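One chain, subunit A, links the two complexes that follow: it is found with subunit B in the first and with subunit C in the second.
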Partner chain A sequence: MLSAALPTTGAFVREHLRAPLTLALLVAIPTFFVLIFASVLGDFAKALGGTLMSRSATAISAGWAAAFLAGTLAFFQVSSSRGADRRLSAAGLGPWRVASARIAASLAIGTAVSAVAFGTLWLRSGIGHPLHAAVAILSFAVIYIGLGALIGAFVKGALEGSLLVLLLFSLDAFTSPEMTSSGAFAWTPTRSAAELLIAAGGGQASPAADWLGMAVVAVGALSVALAAFWTAARTRS
Partner chain B sequence: MLVAMTKREPGTTAGNPYPTGVRATDVVAPPAGESVGMTFDAQTASPIHPPATRSPAVLRVSGVRKSFHRGIWPRRRTIAVLNGASLEVHEGELVGLVGENGSGKSTLMQIVVGLLKRDAGEVDRPARIGYCPQTPMLWDKLTVDEHFDLFAHAYGLDQEAASGSVDALFSELDFARYRGYRIEELSGGTRQKLNLALSLMHEPELLLLDEPYSGFDWETYLRFWEMSERRRDAGMGILIVSHLLAERERLDRMYEIRDGRVGGC
Partner chain C sequence: MTALARTRVATAMAFRDQLRRPLVLILIVVIPAYVITKSIAQTLATPRRIGLPDGVFVTTTMKELHGAGMGGVVVAFVAALLGVFVMQSALDGDRRLVIAGFRPGETVLARLLVLLSGTALVVGVAALVTALNFSAASWVPLLAALMLLGLIYAAIGALAGALLDRLAATYLMLFLVMTDLGVVQTPMFHVTPGRFAALLPGYGPSRVMYDGAFSQGFHAGPELLLSLGWTAVLAIAVGIVLRRTVGDTGAA
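For the complex of A and B:
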């Protein structure tokens, strides 16, 4: 299975990295988020009665950059290749192996995106707990791989799907920890990862509950992504 | 109504598979409601039973039904496309499938391949099949060679077998110079050549071709039929969706799907 999955994964990764605009955005979006979006997020937090400080906003923006890019690319992994993936699956590779290769490709892209976001954050403000921050940023990417793939499996239109990813992202970002004074959005998919990233940016450790919460959501997101990629590659009813 | 309109009988020639004086285009379909499980004589439209010496079937489709559910309430609609489709393709046969736009030809092909689930009915087909979809299902950013690599893995071909097969197909279809090109850089006709070649690279027992020549120039179009006939003569069963009357003379038998209602042969 692995011998078939590796070349397939490699091909799926190349498929995305051969788009020059995608490569440019992999650098531009983290830079934009950490340098500009962070201050916007801080201003919004003040307006909404939140307590998000400038340093925390910068840290969490790196997570949002990884999330946005990974989610959008995961959506397009499903959306733009649905027909070809199903043909490959029917030719003998099967939906599970196609889905596994798609997951592996999404994770590879998500890791690259997270590395760029982490590097940008490091250069911008430094990181108190680099390892914690790296894990948290990667978790943002993994969680959005799940959301992007899920939307891709059920929404066929590229415009509708990417708008839906953007809508979810916006809701998530503007209701993240320390953004509002109310507890109306006590739980969002990235809640634990955000808590952890804010703490890591400020050089503080996080409680075990945040690590556990983040791990549970990330594993759940991977399961959702696998199911979504499988759904896209299987026999349609 | 799915109707078997013609068939090649003993005593016919390879060039004209029909009895002397009879052409495929002369054949008339039997009236609607004719019984399932029969083929029909070209001149009398009376049933002909398959000869005892007929080669084994590589594809048996019987009583396949398929409906699509579209839209959301209150505009939810159910569209019945296939209503009991039955057909057979035998080893060494080149069989046509014709019908109006939207009659369910591509749906039937996709059900046989396994891309679509059927609501009812049976499909008995070999594991090694080739499928050339109507619209090329390819990855825009990958090269021609990368497509062959991916499908070689899917078909379970080793490198030597895949390489030999791919080289032969490049030669047959004359597009080796594009092997390093990405799909987005290819013309429609060259994409279609790759689309066809991917369905042939593992020498399937059953080949399903859904209008495989759209975008081909005349020379490639003729080459396509030569390729198909060679494979038919080597024992491959081929089912091809076709629209052109001129092609009917190239086929051993032909089925027609009418009015979205399906009978069988």
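For the complex of A and C:
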């Protein structure tokens, strides 16, 4: 299974990166996102009644950059590749191998984007707990891969899908921990990852509950993504 | 079939193409309603001094600033994505219409009408939701600024949709709107926009928008002219690019 899925994964990655501008944006956006938003997110949090300090704000901007890019990518992976994936599946690769290759391609690009965001964050302001921050940023990407793929499984149109990713992103931005004094809607999928990233940015360790919460949501998101990719690749008799 | 009849058919088909997807209409209503209402409700009334055009300074609050500005940010986001994907639909389908005997200009006009209608709809929803949560000093400039922001970003989105693949175009639009309107132009983070802010497309309409929101007199004449200039240049560019792209049917 692995020998068939690996070349397919490489092909799926190349499919998205063959446009040089897409590759450039995948490097440039997390870099500029961290650099530009880091300086204003602390003020934004204060305006919303939150307590986010500037070093933590820098950290959370890296998570959002990874989330936004990975979620959009996963949505387009499912929605625009459905026909091709069904043909690949029918041609003998099977839906599981197609889905595994798709998820591996999403994770490869998500990891690369997270690495750029992490590197920018480290160079800009330093990180108290680099390993914690790296895991949390990657979790943002993984969670949004699940959300983007889930939207792609149900929504075919590129416009409505990208608008839904935007809506989810807005929900997250306004309910992120420390960004708001309102506890009315205190849970979003990236909440534990955000808690962990904020703590790591400020040089503090996180309680086990945050690690567990983040792991559960990330594994759940990967399962959802796998199911979405499998559903998209499944041939209908 | 006359040119008018062909244009009417192309326009009806272009609108039908959009109306087949009711989720788009739902999201055009839900996204501005949620984002504007939530942002205003959640922001504290912390005092904030800001600079308006023509050297006027006023003291307002962060909450009021979200009321004044969030409509523009949402309009630009949605209009930019509309631009990208209306253009992509045109590239997918309209070449076939041209091969079937339609003139490129007729199909281009149809797509531009769809884009204009979508932009007007999101501006209408954003204005209504803003009005429910915020009292502007002068509504006419604020509404004009929302429409100009929508048109400018719809045109930029359309150009991105024509020149880039859909993923790159989406990334570029979301990042550009977030940076231009969400950070560079907003008085939440700078008393007046920075030195290079005027180079970005959101500068003119943003200044008109905040002037209308907080001042009963109109001080943003040059900024309004700048916005109209951006709109005109971008509209011409979209017309040319779309006409050339749709007209290129690959025939030797």
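In the analysis below, the second predicted complex is superposed on the first by the 233 of 237 C-alpha atoms of A that agree within 3 Å, B and C clash if a C-alpha of one lies under 4 Å from a C-alpha of the other, contacts with A are read in each partner's own complex, and residues count from 1 in each chain.
Keep this in mind: a residue touches a chain if its C-beta (ideal position, glycine included) is under 8 Å from a C-beta of that chain, and two chains touch if they have at least 3 such contacts.
If you're wondering where the values come from, they're calculated on a predicted model, not measured in any experiment.
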* Asked: Which of the two partners, first being subunit B and second being subunit C, lies in contact with A:68: first, second, both, or neither?
  -> second
* Just subunit B (first), just subunit C (second), both, or neither: which does A:86 touch? -> first
* Asked: If you stack the two complexes on chain A, which partner ends up touching A:14: first (subunit B), second (subunit C), both, or neither?
  -> first
* To do: Mind working out whether A:29 is in touch with subunit B, subunit C, both or neither, as first, second, both or neither?
  => second
* **Contacts of A:155 with subunit B and subunit C, given as first, second, both or neither** => second
* To do: Could you tell me if A:37 is touching subunit B, subunit C, both of them or neither one (first, second, both, neither)?
  => second
* With both structures superposed, pick whichever of subunit B and subunit C touches the larger number of subunit A residues. => C
* **Residues of subunit A contacting subunit B in one complex and subunit C in the other** => 16, 19, 80
* To do: Enumerate the contact residues on subunit B facing subunit A in the complex.
  => 113-117, 131, 133, 135, 137-142, 146, 149-151, 153-156, 182, 198
* **In the complex with subunit C, residue positions of subunit A that touch it** => 16, 19, 21-22, 25-26, 29, 32-33, 36-37, 40, 43-44, 46-49, 68-69, 72-73, 76, 80, 155, 157-160, 162-164, 166-167, 170-171, 174, 180-182
* In the complex of these two chains, what residues of subunit A are touching subunit B? -> 4, 7-8, 11, 14-16, 18-19, 80-81, 83-84, 86-93, 235-237
* To do: Under the touch definition given earlier, write down the residues of subunit C that touch subunit A in their complex.
  => 21, 23-24, 27-28, 30-31, 34-35, 38-39, 42-44, 46, 62, 66, 77-78, 81-82, 84-86, 88, 164-168, 170-172, 174-175, 179, 183, 188-189
